[in-house]
Structure formats: C-alpha cells, structure tokens
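Pasting the structures in now, so scroll down.
Look for subunit A in each of the two complexes below; its partner is subunit B in the first and subunit C in the second.
Moving on to the complex of A and B:
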C-alpha cells in the first residue's frame, strides 16, 4: 500500500495540537492559582439550583405603581448610551483627524494623539465610573462622562484606522489640487470614510447599551440602578423580570444597529 | 517660448539613505510634451512629486513660473499647487462622490472659506466641468458614482479634474500603467490634444518606450537619479537607450511584450 495523501495545509495540524496543549496547561495553572475547583460547581449545584428555582423563578412584576418608574429607567439607560456615543463620535472625528500621519497637518503629533486614546481606552468604563463617582458623586451626568471617555477613545482609534485604510490616495490628489486642510477633510476624507465611521458608531452604541446598564448599577442611574435596588432588597423574582427586560432592550438595539450596518455596507 | 519650470542642481536624498535624484538640471517651456523614462527606481516619481512639493528636495532649487518651490508654505504653496495639475496611476478619485463632484475638486484651490469646505461651487464652474466632461466623452456619466467607472473612464475624470485647475503644467505619473492598450491609447491621445490646445506644458512618466517616442516632443532619460538623456525622440538611439536602461532595446521590447 502507498502512503495516504495528506490534504491539510502543512504544519496546520501541529499548530492546532500546540494550541490545545497550551490551553489545557493554562487552565490547570490558573485553576491552581485562583483555587478554583470545578467540583465546587457540582457540589454546590443543589444550592445554586434551589436559589434559581425558589428565589428567581417565576419572574414577578414590580408593584403596579413602580412600573412607569422601571420603564422610564430603561429609557434613561438608552438615552445615556445614545447621547454619550453620539457626542463622543463628533469629538472623536475631529480628534482622529490629528491622529493619522497621512491626514493630520501636524504629523509629528499623530503618535501622541493615538497613544493618549489608547491609554484612555484601555481603562474600562466601569473603572472610569468608579473614579468619577468617587470624585464627583453619583448621578447620570457622571455615568455619561464615564461612557463618553471610553467611547471617545475607542472611536478615535477606529476612525484613525478607517481613514488610513480608505482616503490616502484621494487626500494626496486634493493636496496636489491646492485644497486646504478643511477642504481635504470635507471633500475627500468625510465622503470616503463616512460609511466606515457610521458602522463603528453603531457598533459603539451596541457596546454602550450594555456598558451603560453596568455603569448604572454602580451609581449612574437608569435600569442598572433599578435592578441593583431590587437585588439588594432580596426581591429576586422582580429582578429577574428586569433582567429579561434588559435582555430584550439589548436584543432590540442589536437588531436595529445590525440592520443599519448591513444597509450601510451595501 | 516662456519658461515654466526650471530644475537647478536638484538632489533628493531620502532619510533611509537612498539618493533618488543627483544634480538634476533641466527647463520646461510652454507647450512642451515631455516624457520621463527610466528603469524602476530611477527617480521618475520623485522628480514629479518634488515639483508640487508633495516631496521636499534636499538640495538645489526648483522654480515654477519663476517662483522657488521649496520656500513656499501655507497659502502661497496652495496657490502654487493649483497651477500644477496632477494625474495618478491609480486615478486617486473620491469614489463615493459623483463624477462631476470629482471634476469640481479642481476648483478647490481657488475657493476659500465655507464655500470650498461645503462644496458650494458656482454655476459657472459647474458649466465648465460639464463642458470638460463632454470634451472627454464623459458627459453622460456626470452624475454617476466615480466608483462605478472603468479604469479608462476614471482616468478621464482625473484629466478633467486636472484641467479644471487651469494649470500651466500637467504632471502625469504613469497615467496608463493600469490600463489596457486601447484605453491607454485614448488617454495618451487625450492628454496630448487637451494640453496642446490649451498651451499647457506636460510631463509624463512612462514605462513604455514606444509610447514615449510616439507622443513626446522631448524625452528625458533617467538612470539612478541622474539625467543621462535629454533631447528629441529622434535622437534616442539604441546606444542611448542602453545607457538609460542598462540593457538593449531588444531586451526591453521582449520584456514589454512579456509583461502585457
């Protein structure tokens, strides 16, 4: 018999095996380090199940007088995410213009701008929220600021990359025409990158709907705070309805933005 | 004839140590149609891009219409650039905009303030743009998206944009390198006729020796950043071709047909 002919890409199998081994080793090491024992899940399974079935289920509606308040808190969360993302997008656009060597009139500072954005972005919104709450006190305004900072930093990075991908050639030709910097921005960069910008903006809204719920829980208001109040009051069945409401809200927003993004990329 | 461009001892050393141009001297007069030829990396693009200061030279002087290019900045540089049209191998259009919007970009150097930023062109400019498109056989595409055009059509929009600037000099960096032979011929014919009709001097970087010989009034041959030939196409003997390309004419022709 002749040797069987191999169909895979050379070396691929080895790579996958290496990945698998590395993943197993990492799991064992981290489990030891964090004292995590997979058996606790099984051992305490009964307690966990009774908690779910007795405390959480079935979901219960809050008192009728509270319902309008709960619904308006959902609106607050949505508004928080939308306004923070929109205003951050406008600022991000102008900052991103100075974050690309190929576009900025001061190419030497582009690295500084990008570095600053990367630094801000790598601090999660929740951490920003805690920092701001400790210094400015709780409230929707501070929740807004926490979301604003992270989405601003994220979109600056994303917008810079979009600009570098798309507009280099046409920016050069407008430079040759004698166009000024604002003209190059409005006539070359904006039209050729608008779809890319919008797509990142919609993605950022998806992220911020979730983030704004969490920032709300720690003091930013909205449905996150409502949920937290019920959990602290041991009204887990009501909390479950609110969790379902949050899930519904996230799903609806995701579907709308997903649809819009598809429409844009056409 | 009026002198439009003058290179005086121009050198360009890139920061990575490449000497792209070495002591280049030449002048260009009104109405000339000059081809710059030379092997890849000989400095053809560097010459063109230094004329409108897309690249800054390291030594020597370039005079455009009597004004030294390297000293210009800001508003003066913009005014200098609008005198020079440029056509690119990759057309460099704004593809999400319409054809006529791309042509009208040629006016931006003349516009200031809000109007230029918002693209509020005068009716007069729009008429001029349409007339140019008609001259190039593109009037029916005026309101199409620039991305929907073929390569040859895109290059015609590029020509219209450059002529819209009412330039004194037209720079073309390998305008036909991405085109099929028949579109390439159309583009070269158009470049020749549109510039001679308007008295615009034209400098074209070319890889095709036969095209350069056929269309030019003058040929400049570059090798390793130095001008090794500057004269009429008829004076381009086999020996001089070998000097430019470092290989014989036959080798070039075979190379050219194998690449097609």
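Moving on to the complex of A and C:
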C-alpha cells in the first residue's frame, strides 16, 4: 500500500484548525444574530434582477442643464480630498516628529501624541462629519474639517511607524555628535523617510477620494450629495451614470497615484 | 614625503577657512521636488476653488467644544439599545468579512495570473472587481436597501460587495508574489491546478491573508458604523439619530463604544501580526 509523507508543518496545521474553528463559530453566531441568510438574496434574485434591468439600465444622463453642475460637483469632491489630505500631511509631519520616542525632543510626550492620534483615528470619518455638522452646520468647510481630522490622525500613525522602521541608526549617530533637533530632522529623517511619507500620502489621497464622496452624501457637498439626491428622488438611471462617473474618477485617481508612487520610489 | 606636503597643505587650507565635508546624498530623485511643488500648487488651486468661508468656520469653532462637553455627559438610560446596536454592527462587519474572505479567495484565485494561466479570465475578473471597488460602500448599501428593504441584510450584502472586491485584488497580488519555481515544480509532477493552489499557493500566502483580513476588519467596522447613517441599522443609526435630536448623552456613549471596539480590533491584530511574523 502507498504511504503518504506528510509535508505540512505540524504547528501550522494546528493553527489552521484553530482559525477555521474560530471562523465557523463566529459565522454561526453572527448569522444567528443578524438573521442573514444568503438564500434571501437568491430568493429575491428576481426582484433584484428586474430592479437592475428596469430601473437602472440603460444609464441616463441628467438633464442637460444639470450636467455642468454634476461635473463641478466632481471637481469639488476632488478638490476637497486633495486639499484636506495635503494640509493634513503637512501638520501630520510635524506632529509625527513629536510622536516618535527616538526622534522627539520630548520623549515623554510622545505617548500622549500617539494616544491622541489613536483617539482621532478610531472614530470613523462619517461620525466626525456628524459631530461637526451638529456644531458647525452643513457645508463644504465641514466636510473639509472631517476629512482633515481623520487623515491627520491616520498619517501621524503612518509617519511615526515609517520613522521607527527606517532611521534609528542615523538619528542616534547624529544625536551622538550633538546635532540639534532641526538638524536631526533635516539630515537624518527627511532623506531616509521622505519616500515612505509620500507613498503614505498617496495612499491617503486614494482613501480620501472615496471618503469625500461619502462625507458629501450626508451634507459635505460634492458628487456624493448629487448622487444621494438622485437616489432619494428614485431617478436610478441617472444615479447609475453618476455611479459610473464616480467609479471612473476613483479609477483614474488610483492609476495616477500608482504611477506617481512608482516614480517616487525610483 | 608627498603625503606630508599634502597634509600640511590641507591643514593650511583648514586654518584659512572652516572646510566642510558635504554629507548630503547626491543621488536625489529629481521627481520628488517636482511632485511636491505640484501637489502644493494643486492644493492652493483647490482651496481657492472650494471657496470655504474660513472666518465663519473659525467663529463657530468654540461650538465644537460645547458639543464635546455635551457628548461627554453620558446618558446611560439607553445603554441596552446602544449595546444591542453595537453588537449588530460588529456582527454585520464580521459576517460580511467571512463571506468575502471565502469569495475573495475564490475570485483571487481566478484573478491571479499564475494559477490557471488563462489570461482573459484574470483580466476579466480584475476589471470587474476594479469597478466594484471604485464605487464607495454606502452606494452599494443604498442600492441593497432598495432591493432588500431596511435591516442588517442590506448592510451585510452591501459590505460584501466592496470587501470581496478588495480581497480579490489583494489576494491576487499575494498569490502572484509566490515564486514561479514552486508552481512549476508542482506542475512537473503533474499536480492538478486546484491542488497546486490549495497545497502550495494558499499556505504560502496565509500570513498575508491574515494581515489583509485584519486590516479589512478595521475598515469594515468603521464603514459599518457609517452604514447606519444611510439607514442600514446598527450603531451608526443610533449615533446619527441621537445627534439629530440633540440627545448628545446617548450619542456620546455610542461613540465611545465605537472607539473602544475599533481600538481593541486594532490592538488585537497588531498582536496577531507579531505572532505570525515570528
């Protein structure tokens, strides 16, 4: 008879089993709790299909008089994402310098900075938007502020991690020869971490393009608001063309950032 | 002899003026300054285009403090409702993650160029999912709400669309990073495509899959909190409704819960990633 030689590592198999069991338990628990049954999707398949074919297809253009408005709302979304991310990146750079124990002139302070960033980051952008809407009113400025807060916190964490990963030796040796804090930053951290910073910045732009669409939906202006209006008004065919427009916008931005990232890391 | 002359000349040179040794790195990427100026310019243009009334915004900043003050006055009377809504949110996030994990592995297998080696299949899969990924999640949830009615089903289904698209792309990337030699060696022994995938590719990509899943759980949870605001139930609904009806105490408590859970998820996966990396 043929014997099999086991090729797997014993410990690995145990880990797989543990993961699998955990996944199954979670699956059962959450399925029971949410009452979600994939069969309902299948059962509603007909309604789903007719909804797609009758209401959605073919995509219709909005009224000719509205087209410039829709296009300018796309521009608002793009401008919102870009400006909020850039300004947040500039702030995040300076805050991150104080958030890393090895770099900061006040190492005891670093934990506080990071804790604050963690607090800001772990509250979703839309919750921030709602908090700000209830205090500042509705408008593009508030959308800007909501995006600014979350991307600031995200980039502080990313920048701190980049700095801790890269430049320990450089910083330490400069510290040993008595370089001042600005010198350490400009001579050790910037040259070694700038690429990392910029690629996090690009990632953040990608995230924020989506986020600014979403924040727009609840009142931050831009193409999200336009889309929301059409969906609420049951004009699904027009909504579909706006969805396509959003998809095109996101894909184009992703392509551009991908190219830029390659150029930067050369 | 020559050396001493050279040295003394150098010494004279130094005594004349403080000579500096250039420490800077000469191999600079020319593109980076261009990129940074371009970004700053574009940002200025977009700020002008947005035409935000900064003064008005700044004059209202003190109100943020007031709102936070009111949010901090926790109102514990609705805690059971908050608790069940947060449990619902977590369940939606986890359930959609599990469904998408399975779907993502299957579609990632189709999308990776080195598994089946059928070019049109991977191009087709990737472009479909690029489109699905490009549309923000709340849009999918809104559409599912229209089809399935209010409730967690729409949330799960809507989240699944985006999460599956995300997993397909990232898993395909991980699968493609497996060295070709491994696959060729197995091909030479006559192993079938599926068993190459399950026995060689999947175990090798396992740690990356765990890392992606952890990252996605964070995003899913925060998006899930968002979904309630467009009407799919869960804690987002509680937050937005209470904020709109000025019941800041309840909303504040719900936000704190969201924060605590998001923080726990983050810590958990930092620990898990460290363990797997060992």
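The working rule: the second predicted complex is superposed on the first by the 263 of 266 C-alpha atoms of A that agree within 3 Å, B and C clash if a C-alpha of one lies under 4 Å from a C-alpha of the other, contacts with A are read in each partner's own complex, and residues count from 1 in each chain.
What we mean here is this: a residue touches a chain if its C-beta (ideal position, glycine included) is under 8 Å from a C-beta of that chain, and two chains touch if they have at least 3 such contacts.
As the structure is a computational prediction, the values presented were derived from the model and not from experiment.
J.: Which partner does A:180 reach: the first (subunit B), the second (subunit C), both, or neither?
T.: It touches subunit B, and subunit C stays clear.
J.: Name the contact category of A:54: first (subunit B only), second (subunit C only), both, or neither.
T.: Touch partners of A:54: none, neither subunit B nor subunit C.
J.: In the overlaid three-chain picture, which partner chain does A:118 touch, first (subunit B) or second (subunit C), both, or neither?
T.: A:118: touches subunit C, not subunit B.
J.: Tell me which partner A:169 touches in the superposition: subunit B (first), subunit C (second), both or neither.
T.: After superposition on chain A, A:169 lies in contact with subunit B alone.
J.: If you stack the two complexes on chain A, which partner ends up touching A:188: first (subunit B), second (subunit C), both, or neither?
T.: In the superposition, A:188 contacts subunit B only.
J.: Return the chain, subunit B or subunit C, that is in touch with more residues of subunit A.
T.: In the superposed model, C touches more residues of subunit A.
J.: Overlap the subunit B and subunit C contact sets on subunit A and report the shared residues.
T.: Looking at subunit A, the two contact sets intersect at 187, 191, 194-195.
J.: Which residues of subunit C touch subunit A in their complex?
T.: Residues 23-25, 29, 31-32, 35-36, 39-40, 42-43, 45-47, 49-54, 56-57, 60-61, 63-64, 66-68, 71, 87-88, 90-92, 94-95, 98-99, 101, 130-131, 133-139, 142-143, 146-148, 151-153, 155-157, 199, 203, 206, 210, 222-223, 225-226, 229-230, 236, 239-240, 243-244, 246, 255, 258-259, 262-263, 266.
J.: Would you tell me which residues of subunit A are touching subunit C in their complex?
T.: 7-8, 12, 16, 19, 23, 26-27, 29-31, 33-38, 40-41, 44, 47-48, 51, 75-76, 78-80, 82-83, 86-87, 118-119, 122-127, 130-137, 139-142, 144-145, 187, 191, 194-195, 198, 210, 213-214, 217-218, 224, 227-228, 231, 236, 243, 246-248, 250-251, 254, 260, 263-264, 266
J.: Within the complex, which stretch of subunit B touches subunit A?
T.: 52, 54, 77-82, 84-86, 88, 90, 92-97, 105-106, 108-112, 116-119, 158, 161, 165
J.: Where on subunit A does subunit B make contact in their complex?
T.: Answer in residue numbers: 169-170, 172-180, 182-183, 185-188, 191-192, 194-195.
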